[in-house]
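In this document, chain identifiers A, B and C correspond to the written order of the chains, with residue numbering beginning at 1 in each.
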Amino acid sequence: MKVIKIDKNQWSQGLEQLRNAFRLFGPVGNGKASSIQELAPGQAPDLTFANTRLSPKNLVFPQSEVMLNYSLDPDDPERNILKEAPKDYAPRAVIGMRPCDAKALSLVKMNFDTDQYQDPYWLNLYNATTFVGLACDAPASTCFCTTAGCGPYHEEGLDVLLVSQKDGYLAKPLTDKGDQLLKAAGWSQAADADKVIADAKAAAEARIVSKVESDSLRAADTMALYGAPFWEDISFACLNCGTCTFSCPTCWCFDIQDEAYRKKGVRIRNWDSCMFPIFTVHTTGHNPRDTKLQRVRQRFMHKLKYFVDKYDQGIMCVGCGRCVRQCPVNIDIRRVSAMMNSMASAAQCAVGGK
Amino acid sequence: MSTYTEKIREISQRLLKECKVEMVIGFRQGTLPMMNEPCIVRKPEEVERLVWDSNCGINLANYLTNRKEKIGVVAKGCDSRNIVTHILENKIKREQLVIIGVPCQGMIDKRKIAAGVQGEILSVAEADGEVTVQTAAGAQTFKKAEVLQQNCSVCTHRNPVIHDEMVAEPVAEQTGVDPYADVAAIEAMSAEERWKFFEELLAPCIRCYACRNACPLCYCPTCFVDESKPQWVGKGQDPIDVRTFHFLRAYHCAGRCTDCGACERACPVGINMRLLTKKLNKDCLALYGWEAGLAEDKRPALDTYKANDPENFIH
Amino acid sequence: MENPYLPYPVRIDDIVVESEDRNLKTFKFVFLNPEDEQKFAYRAGQFAELSIAGVGEIPIGIASSPVEKGFIKFTVNKAGVVTSHLHNMQVGDVMGVRGPLGNWYPWDMLEGKNVLIVGGGFAFTTLRSSIIYMLDPANRKKFKNINVVYGARTPGMLLYKDELIEWEKRDDIHMHITVDGTKDPNWKYNVGFVPPITEQKAPQGDADSYAIVCGPPIMIKFTQPVLEKLGYDHDHIILSLENRMKCGIGMCGRCGIGRELVCKDGPVFTLAQINRTPREY
């Protein structure tokens, strides 16, 4: 598939043309922060943003989503029988999400799309969406994608990668879905731009200044890391709020709740967080993760060790830096990863030195 | 390095060496501009970690709840008022604490600074009442008074109300500020305007509970939003449930809130939920002459009953 | 795409009060759509989500046995929101069941082996399922000696009393029923906690013997050293864990312990596996 050149004057016209085939979503700023929203007719995505404040995971995993519905009407012969809630899975396209957030979707997919079970809500929205990414030429000082198995021009999880140019965009189709979107927009001007993109990519990667350290964690002993002495220091400041998990593009934990009013009800799922004490509390009152040390450790161990062991696909983090920027008390995964990793590598050296 | 930092280290080292405390709770340098991290220091040789500047807005009283140790705690004015409240509410004992008082000159609002510069903030330095911000485009200087957290800019209790040590002479308290101008503006709205105002105020909420968890008053073992038997409030994003959380939480803080600003500061989506708690602070002051956390020997307004208590607000 | 969150509609066919404190009831369900029973093919040790519209779901071990056809049974302790609601429901009421979920006791591996079952309190449900399965005429010859140590606080708290008495009379299963204490002068079985009774009555462990343990955490804690003393290796001690769950299918992340999800990778683990995992259950 050839790289397509989109001139500035073709941009909004092509977007409007896309509306015949897709509901359009994209970043919208309000002066303080931006978020991925549905774009009204004539509204163009704001592609000047650094990154959205919250991750775009709600595109496929809304914070609250109706799963099932039911009647509680005593006169209804079907009462108390749970039914699938009606859903709109018409084609959608998101224009201008960051590559890190797309990579996050491909990590989360491993949880929701398994051999044994497929989560229909997540997968139907995912399959209905064409993901058009915007390569990141001005990463923040808190971005560490290049050490998190990702990068500012990373293509995994995207259908099209847009590269910003002075006079428009270069669009690199990555899948058939992406190819079709470009055609639907009427963007078809082939460009010989592989070198331009490769150079821009190298320049962008060189601008990433911070890192997550995880190279020794795959081989590390789980229980040794779990019992490490540093967890009190790491967890002391934690408030046990859900900011890190809710802003994280790779966190997927959820709760299921029934909400009923009079003769009707729904079963919904809501984002949940391993930081909340009630996440794990048993009916007896027993809580296997009763302390914030245990909860903070769970979050970092899940992202940097358990996930690595389970899937062998790297860490459950794409380096977007949202948790670093938004944690109210400045708990920083870069610092935590360095502590875990250096303990793991010291242990390996000790074994090697015997 | 600020003289406050030096003095905090010196006092902490002495307290630890003399075994007056088992630990000191203070702040360490954060990994981002305008962010410091609450931390524990247990050994005299570790006091070099402790720092103080205008980015210590987290309320450290929050970290004292139900602790059993003998603790040195660094406390600015609002922290000290919440420590008083904690003592009154039996969340910590006075004799467990050595309070290292910090006369406060206000905390920086990082959102105000971010809104005032173009691009990412790379570093921030403060000196002589000015804050200098480095971005890729260059340096920009603000008067500190212009970039304070809103609660700090109207604060009239900057000096610790109780302390065992002081890191400096008390600072002059601000006079002539109107702490409740923002509340009065909302009171002046029509019912419809007010409804719309609160609707918009709370619309971005993601129910992460950072406001609740940053608040030293919110120490209930199970918060009402987390109860399942009975379940008081839905757990989804229905605006009615979101508002119920914020309104009820504010009422739970009535007569207890010191307007330390921890809730607003912690919010990842920039909601000023202080507008709710401040209304109750204003009413408590007007109706009962009560401001929270000023004295260890006075029971809180909602903890006492007098025959002539005003009651015309009860409908 | 199959929706694994959609329960099969079932009707409550029978309710039996199992314990003297009336906190344990056994619910017998019949599928409203007969074809759903085929889809619900399960093995002893699995669990299901009992699903009540307007209230919620609760994961409960399946007490009926795969060799029992036409219905499924669950014994439910009244504790939280869903189980309290369920205890107030009546025969004929319609609700949902979602499953079967999780793994099962390793029946293929247990073939040709001695099986020791150690159970306590109301955790005996999937053990009942297992015993009925093993005693089925088509299956009994697949296993060598079967020993069962089962204890409750009092005689009135023992589950499935009629079946216990019946099993006591058989010679192809060795029952060791015990209670923590009783004032009944006619009580003819053991008195004592499960761990010491296991130590006295259970056969020695060897390469051909496995122990399945299911009970409250305190019982598991004190039974483990007894089994070690008897010679059961950690990979011959099989446990069924409980954790707070929601989805039951490994999606919602709640029941994770280390890399394992109790609902999907478990609930059945060997002690050897659990030793490599944070004990967050």
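Note that a contact is a pair of C-beta atoms (placed from the backbone, for glycine too) under 8 Å apart; a residue touches a chain by one contact, two chains touch by 3 or more.
In this text, all values refer to a predicted model and were calculated from it rather than measured experimentally.
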Seminar exercise, completed: For chain A and chain C, the contact-path distance works out to 1
Seminar exercise, completed: Judged by C-alpha centres, the chain sitting nearest the middle of the protein is A
For this session: Go ahead and note the Å separation of the Cα centroids belonging to chain A and chain C.
Result: 38
Exercise. Hey, how far is the Cα centre of chain A from the one of chain B, in Å?
Worked result: 32
For this session: Report, in whole Å, the distance between the mean C-alpha point of chain B and the mean C-alpha point of chain C.
Result: 50
Exercise. Among the residues of chain B, which ones contact at least 2 other chains?
Worked result: none
For this session: Indicate the residues of chain C shared as contacts by at least two other chains.
Result: 80
Exercise. Going by the touch rule set out above, which residues of chain A reach two or more other chains?
Worked result: 255, 257
Exercise. Hey, which residues of chain A end up touching chain B in the complex?
Worked result: 32-33, 50, 53-54, 63-64, 140-142, 232-233, 236-237, 239-243, 246-247, 255, 257, 259, 268, 270-271, 273, 276-278, 324-326, 328-332, 334-335
Problem set entry | Partner chain A, residues of chain B touching it in the complex | 30-32, 35-40, 58, 62-63, 111, 115, 120, 122, 206-210, 212-214, 222, 226, 234-238, 265-270
Problem set entry | chain B contact footprint on chain C (complex, rising order) | 80-81
Exercise. Which positions of chain A touch chain C when the two form their complex?
Worked result: 67-68, 70, 72, 79-84, 111-112, 114, 116-120, 123-124, 222-223, 226, 252-258, 260, 265, 267, 269, 272, 274, 279-284, 286, 288-289, 294, 298, 301-302, 306-307, 309-310
For this session: Enumerate the contact residues on chain B facing chain C in the complex.
Result: 228-229, 231
